[in-house]
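This is the structure I have questions about; it appears just below.
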Amino acid sequence: MSAKAVSVFYGDKKAIDEVSIDIPTQYVTAFIGPSGCGKSTFLRTLNRMNDTIPSARVEGEIELDGRDIYRSGMDVVQLRARVGMVFQKPNPFPKSIYENIAYGPKIHGLAEGKDELDAIVEKSLRRAGLWEEVKDRLQDSGTALSGGQQQRLCIARAIAVDPEVILMDEPCSALDPIATAKIEELIAELNGRYAIVIVTHSMQQAARVSQRTAFFHLGKMVEYGRTSDIFTNPHEQRTQDYITGRYG
Amino acid sequence: MSAKAVSVFYGDKKAIDEVSIDIPTQYVTAFIGPSGCGKSTFLRTLNRMNDTIPSARVEGEIELDGRDIYRSGMDVVQLRARVGMVFQKPNPFPKSIYENIAYGPKIHGLAEGKDELDAIVEKSLRRAGLWEEVKDRLQDSGTALSGGQQQRLCIARAIAVDPEVILMDEPCSALDPIATAKIEELIAELNGRYAIVIVTHSMQQAARVSQRTAFFHLGKMVEYGRTSDIFTNPHEQRTQDYITGRYG
Amino acid sequence: MTERLDPTRQAAFEARLKKRYAAERRFKAFGLGAILFSVAVLLFLLGTMTLNGIGGFQRVELEVPIDFTQAGIAADPATMDQPGAIQTLEAQGLRDVVQYFAQENLGEEAASQLGGQAWRDVADEIIGNPSVLQTQASFWLPASASLASGYQGEGSPEMRALAAQLSERGQIAKRFDAGFLTRSDATNPQQVGIWGALKGSILTMLITLALAFPIGVLAALYLEEYAPKNRWTDVIELSINNLAAVPSIIFGLLGLAVFLTLFPNLRSAPIIGGMTLALMTMPVIVIAGRNAIKAVPPSIRDGALAVGASPVQVVFHHVLPLALPGILTGTIIGMARALGETAPLLMIGMRAFVATPPDGFTSPATVLPMQIFLWSDEIDRGFVERTSAAIIVLLLFLLVMNGLAIYLRNKFEKTW
Amino acid sequence: ACGGADGGSRDSIRAVGSSTVFPFAKAVSESFVRTHPDFRSPIIEATGTGGGMKLFCAGLGASTPDMTHASRRMKASEFAGCQANGVTDIIEVQVGLDGIAFASAKNGITMNLTPKIVYEALAASPYGKPQTAKTWSDVDPTLPDLPILVYGPPSTSGTRDALKELVLEAGCETDPNMEALKETDKDRFGQLCTEVRSDGAYVDQGEQDNLIVQKIESNPNAVGIFGYSYLEENSNKVQGLHMNGVAPTYENISSFEYPGARPLYVYVKKAHLDAIPGLKQYLAEWTKMWAKDGDLAKIGLVASPDDVMAANQKAATEFTTLDGAQLK
Amino acid sequence: MSPAILLLLALGLGLAGWLAARARAWTFRRSSADGRIASLPNYHAWYVALWVVLPVLAFVALWSAIAPGLVSQSVLASPAAAELPSFGFQRQTILNEARAVATGAAPGVFNPQAAGLVEPFRDALSHYNLIGVVVTLLIAFLGGVWAFLRLKPDFAARSKVERIVMAILLGASLVAILTTLGILASLIFETIRFFGMVSPIDFLFGTHWGPDPMANAANPDSSRYGAVPLFWGTLFIGAIIAMIVAIPLGLMSAIYLTQYADPALRKWIKPALEILAGVPTVVYGYFAALTIAPAIRNIAISLGATNPSSESALAAGLVMGVMIIPFVSSMADDSIAAVPQSMRDGSLAMGATTNETIRRVLVPAALPGIVAGIMLAVSRAIGETMIVVMAASTAANLTANPLESMTTVTVQIVAMLTGEGSFDHPATLSAFALGFVLFMVTLGLNFIALRVVKRYREAYD
């Protein structure tokens, strides 16, 4: 997945300014930067979730398999099935755990019959490291889980439709340290199977989970590279200032 | 003002756990601590503003002039006139600037006649460093001021009834740096005339404006002492960890 | 600390404080008074209606024993389920038979106070059970309206005397009138029933529900979920908000000028009433629906969109089911309002006198509130109780509906 | 079966017209459906005599009423209108009589009224002159010196129609100028002779005649105007006032001696007799109930004199049609 | 065969198309490499089903409009029809009767003439029914086959089906506009007709109201159509007396409920107020006429009033006020609740008592919302009909004495339209003009109120 000179506007306001980036499929990529710098905005352009914001407008190209996802005729539904998303606040559907996972496969017709569906649900929950915790209560409501479990449920839900890319927007910011650790573990495990992009405001987290890091500031991507380089040896002064806590 | 083994519950949840503290009248005291540790909760127990939260319940004693403010028969109105409060988000009344300041003196009958009231209004605005900016438009709406001016208006409003203690709950968190600097100046000026307690999430701010600092963590007061000591030489490991940014 | 006044610790302050607390108490008392007044009015209203109305479920009846073995009415039981049965009985002089036995047993004066249609009750009984023709049977038949009011201590002195006389002999009594719930409108308060109006109300409400609910819900979905923000949407929104506040009688004028012009034959029919009320109820449902839809957190939509659901799927799989309790609450309240509505129906002929229950959406009918209105206009004192009884029935329906709405709302009140 | 939006057919009787006849029509229809449960209940609406005539004469067909009730005879002009619209064969049946009664509370004011007195006391501008009468004695010195206070029907009701026609116009026409005016300027005549004063002496009581009864019951100086049936109904509370020396009693009304008496009619379209199921039987039901001791008499209808009744019985069962030449 | 049967047929065919298309879509899915096709099989199924059902529906609508005519024509052409009476209505009745018997809707004929027509009817009906069924089948088949042939693994059936769903949703929301237009149209035309007979000046500014539905329609007396007494009565009852009751009581109820009442009490009182709001107006009207009006009258007499009206404006106004209390209280409740908590905290922190906070901060801050609420309440009160129809009179008095009887716009609308007049008489048409005035006034009040509420909500959001 790659972006070429992407700018995003909210009405007249430019929130993202000509960002170009190549997102590798085999790594975890972290977006960091001070609040309001446009990390979430950019993330949402990657699966066109910003279509839901009436004032948002995108310029430039974002390519998946070499074709622009903003071309006319692009099927957004299919795009989103290929580029999944996990949000800051866990948002399970107020349905059973089973239904939460099964929803995506059902609407995309990925399973024929109940058995296949059961298998998908189990596999997804296993991958999300939630199976052991919930296997006896698949019919309980997804909202009855703890925050960390809910977030893993959301990840499992995203996995269930077998996407190519998973976008995560500060997936741990609503969680306590223990739940956060679990999610970080999970990301490490999923790494390699899916391309993962994670937005985080914690540099420590970025350092822990990602192989590549992009640093955003005031709508621009200031620097992008290996995580280890960015944290130990940034090229840009602004990056340096940010990671040493001069601002933000 | 002093608290003895004060615990606060929201329903069954203990938000403050046996906090004892002596708040000196001649200094600015800062409460710091990670989000959700109970700073605001504790602050509001000091002038019984938590009476407005139906589920809140206080145990222990808080003494003002040696008498428990939670005793039955305690006059809350008088207490709040003596212990003023300034909130996180400036909340001027949707009335004129003049009316905003005059409100307290009027309801408490502190002024006899218009002249006295005018005098109080002017004095309060002067003390809050706002007089020069608004003296020509006292009849404008208080909500038409800028955020920083509004917050100073709220401080002036609190001063107008000549309280003994002023409680401030993150008074600068909604303000930009310049407005913040003005408020910090103002606090420095008011220092000595009123006992001031300020909640802040910025350690820098605490260091700048206060002489005493209390560090809260998970509903407990972990450490309390001179600000300089807390920041340079904390006794507790948790304090140390917090001020060096290990968590929060 | 410099020259402190500490004004808040002066005696004057404390004195003033006393007054302020007194004002506080007065204010609070006034507030409580306002609420108590409203509740008291509600209780008084319900109380008077109940007190007045209980009697409306009863009627004053006279006991008439009839010895059919002597009456010489020879009706063939087989023909008794044929349409013309009642005419057969009339032709055989059932009317006179009843009159005769009434005179025999009650005396001339009392017999003349047997309601003019009383023999029909006997006829109905015979039709239901022809074998009584071989026996002696005793019937409780409705007294005339004036005797009834005499029995209740009103009306003319002669009637009061007669009633007293009869009641001494145990031949007159106020008895529960089950027929009140199964008969229809009539001119004589002793003969009236509310089934016709109730059935009319039910038919009308069915039409209203069938039109207003789907249209209202779909419009709410469109406006809340899909409508682009443009002029057109504003116009739609404005007209819905406005319709919700248009006086109901205006809808009656609309029904009169539009529906009755298009379908002149359907005057007084539940289908027209239902259509008119549906237009009135639809905006209520739209507004309630929009609020319920708005209350569904956007994170749910995001979640569904992010797994690749289309906007239509998001709405029908997630938003609508979650908003449904709220929509239903709004619908029930709207329907309750429509059920109690009278004014627009006045305009479209639903105030006609209809002596039989409607047998379909297109046959003339009246509705419960209209029946109340019509009875309240009657001269006869006997209608006062009947009106209140009809009000009780209407209020029961409304209480159930409102209760259901409140229950639904409390049960599904969600904070996501 | 459905009434049908096709405009073609209808299977229940529709009647419109006078609100005076309305209660009697209700009773007949009720009796009709109980006798003939296989027919649909007639739909009866009180639209007023004039309004009823208009609807009735609008034409033939399912969308026009089958019959209209009238508290006066059809006018020649209305008949002509009917003819013009194709309603040629009309059956006229006089079902009985009604009287508007002037009454006061038992032990209240008593007077001997005449149409002339009533007109002079109630007109907005008697004979074109401004209304000055405050008390009854202002109108006629022999009457009591009590303020004029009359509770009467509103302008939209049929009783008001009768008041105008039977009393006010009659009183007005005692003046020759007015009588002349009737020929020359009908509108002006109508205005002078039928408009009722609105300064509070005449209180317009809404359609609820029983309220009028309550009113005069509580105010012995007040006079009420309502249909005779109400007088009879409430004979224990109120007394009828004499008019031209005649008391409003059953006999006096049925003999037209009481000047407030008027015949009540129903008009039926002959062409509908075969088209609307039950219409014939419904008409027959009227004749069964209108006798002197019949069911309608019990609710206040005054039976027609015997000869009139017989003639109308014949019209109602043999469906003789109305001859327009008889009408005024 | 009735349209209902054709409809059933269409639905059946639709179901068949649905099943066939679904099966076909599944074969696509199985044969596709990754088990994915552009749309779910169900969408393919719906696509075909809609292509079957929608054209058939259109045909059925058309056919049911023309078929009866064709049937009648062929029946009339039959020899048995020669003896029919020529008069249209009677003839139509006979035809209808025969048709009813032929279709089995009625057991037998009332009219002997109809008997002979039953057979021709049966023949004609079965003839045309056959045609109808054949054409239906043909259309369904064509539509179905065409749609079916378009199915492909990458066919975007879902977006096609969803487009139809969207069209239905849009259509539903347009009903509101149609209704508004319908109201305007039904009022405007008659109003214009009315003003053709009576001058608007006389109507709007005249002080004598006494239309005479019996008078000559061609030459109405304009001076009797002065609606000022009605406007005054409406205002006096709805906007003055009712509001004197409803505003303080409603406002104080709201204040007590939101600021003082403990949750347990609120839990009971709020539904009680809602029930008060849910009582039908006809019940209030009855209550006013039966209980309140006589009581007021007795009180007035005992206070020495001579001859008070038993249909006083006061009775109607008081009861209407009670009816409006819950309305005012819920609007006030909303707008007080919309004042941010921080205002309340700010005032309490100054040492204000609760009532000082309410009176000096909350109510002034909520004032725009409260005023808007009151305007809505007024608009409801002046549009209220049943209470005034039952408890106020029809006497158009122009007086300020609440014990006098007065009439209102709505009372007159009802009186004129249910009274004696005919439809082309100015007295009857005046009801539409009155309705128009009422509509415009309530529209204005609502419009302003909604604007105020909206602007004011935005101010705090």
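Some notes on this structure:
In this document, chain identifiers A, B, C, D and E correspond to the written order of the chains, with residue numbering beginning at 1 in each.
Just so we're on the same page, a residue touches a chain if its C-beta (ideal position, glycine included) is under 8 Å from a C-beta of that chain, and two chains touch if they have at least 3 such contacts.
What you see is a predicted model, and the numbers here were worked out from it, not measured in a lab.
Think of each touching pair as a link: the shortest run of links from chain A to chain C has 1 of them.
Among the chain pairings, C-E comes first (most C-beta pairs in contact). Here E is the chain whose Cα centre lies closest to the centre of all protein Cα atoms. One inter-chain figure worth recording: chain A and chain E are separated by 49 Å, centre to centre, where each centre is the mean of the chain's CA atoms. Per-chain CA centroids place chain B at a distance of 59 Å from chain C.
Centroids built from CA atoms put chain E at 18 Å from chain C.
Centre to centre, using the average C-alpha position, chain B and chain D are separated by 84 Å.
Chain A has residues 77-78, 107-108 in contact with two or more other chains. Residue positions of chain D with contacts to 2 or more other chains are 1, 62, 207. Of all residues in chain C, those touching 2 or more other chains are 8, 20-21, 310, 351, listed in ascending order. You'll find the chains touch as A-C, A-E, B-C, B-E, C-D, C-E, D-E. For chain B in complex with chain C, the residues that touch the partner chain are 25-26, 75, 77-78, 81-82, 107-110, 161-164, 192-193. Those residues of chain E lying in contact with chain A across their complex are 26, 29-30, 35-38, 40-41, 156, 158.
Considering their complex, residues 68, 87-90, 92-93, 95-97, 100, 105-106, 110-111, 208, 210-216, 219, 221, 307, 309-311, 393-397, 405, 415-416, 418-423, 427 of chain E touch chain D.
On the chain C side of its complex with chain D, the touching residues are 83-84, 86-87, 90, 116-117, 120, 144, 155-157, 184-188, 191, 262-269, 349, 351-356, 359-360, 362-364, 377, 379-380. Against chain C, the residues of chain A that register as touching in their complex are 47, 49, 52, 54, 77-81, 84-87, 89, 91-94, 103-104, 107-108, 154, 157-158, 160-161.
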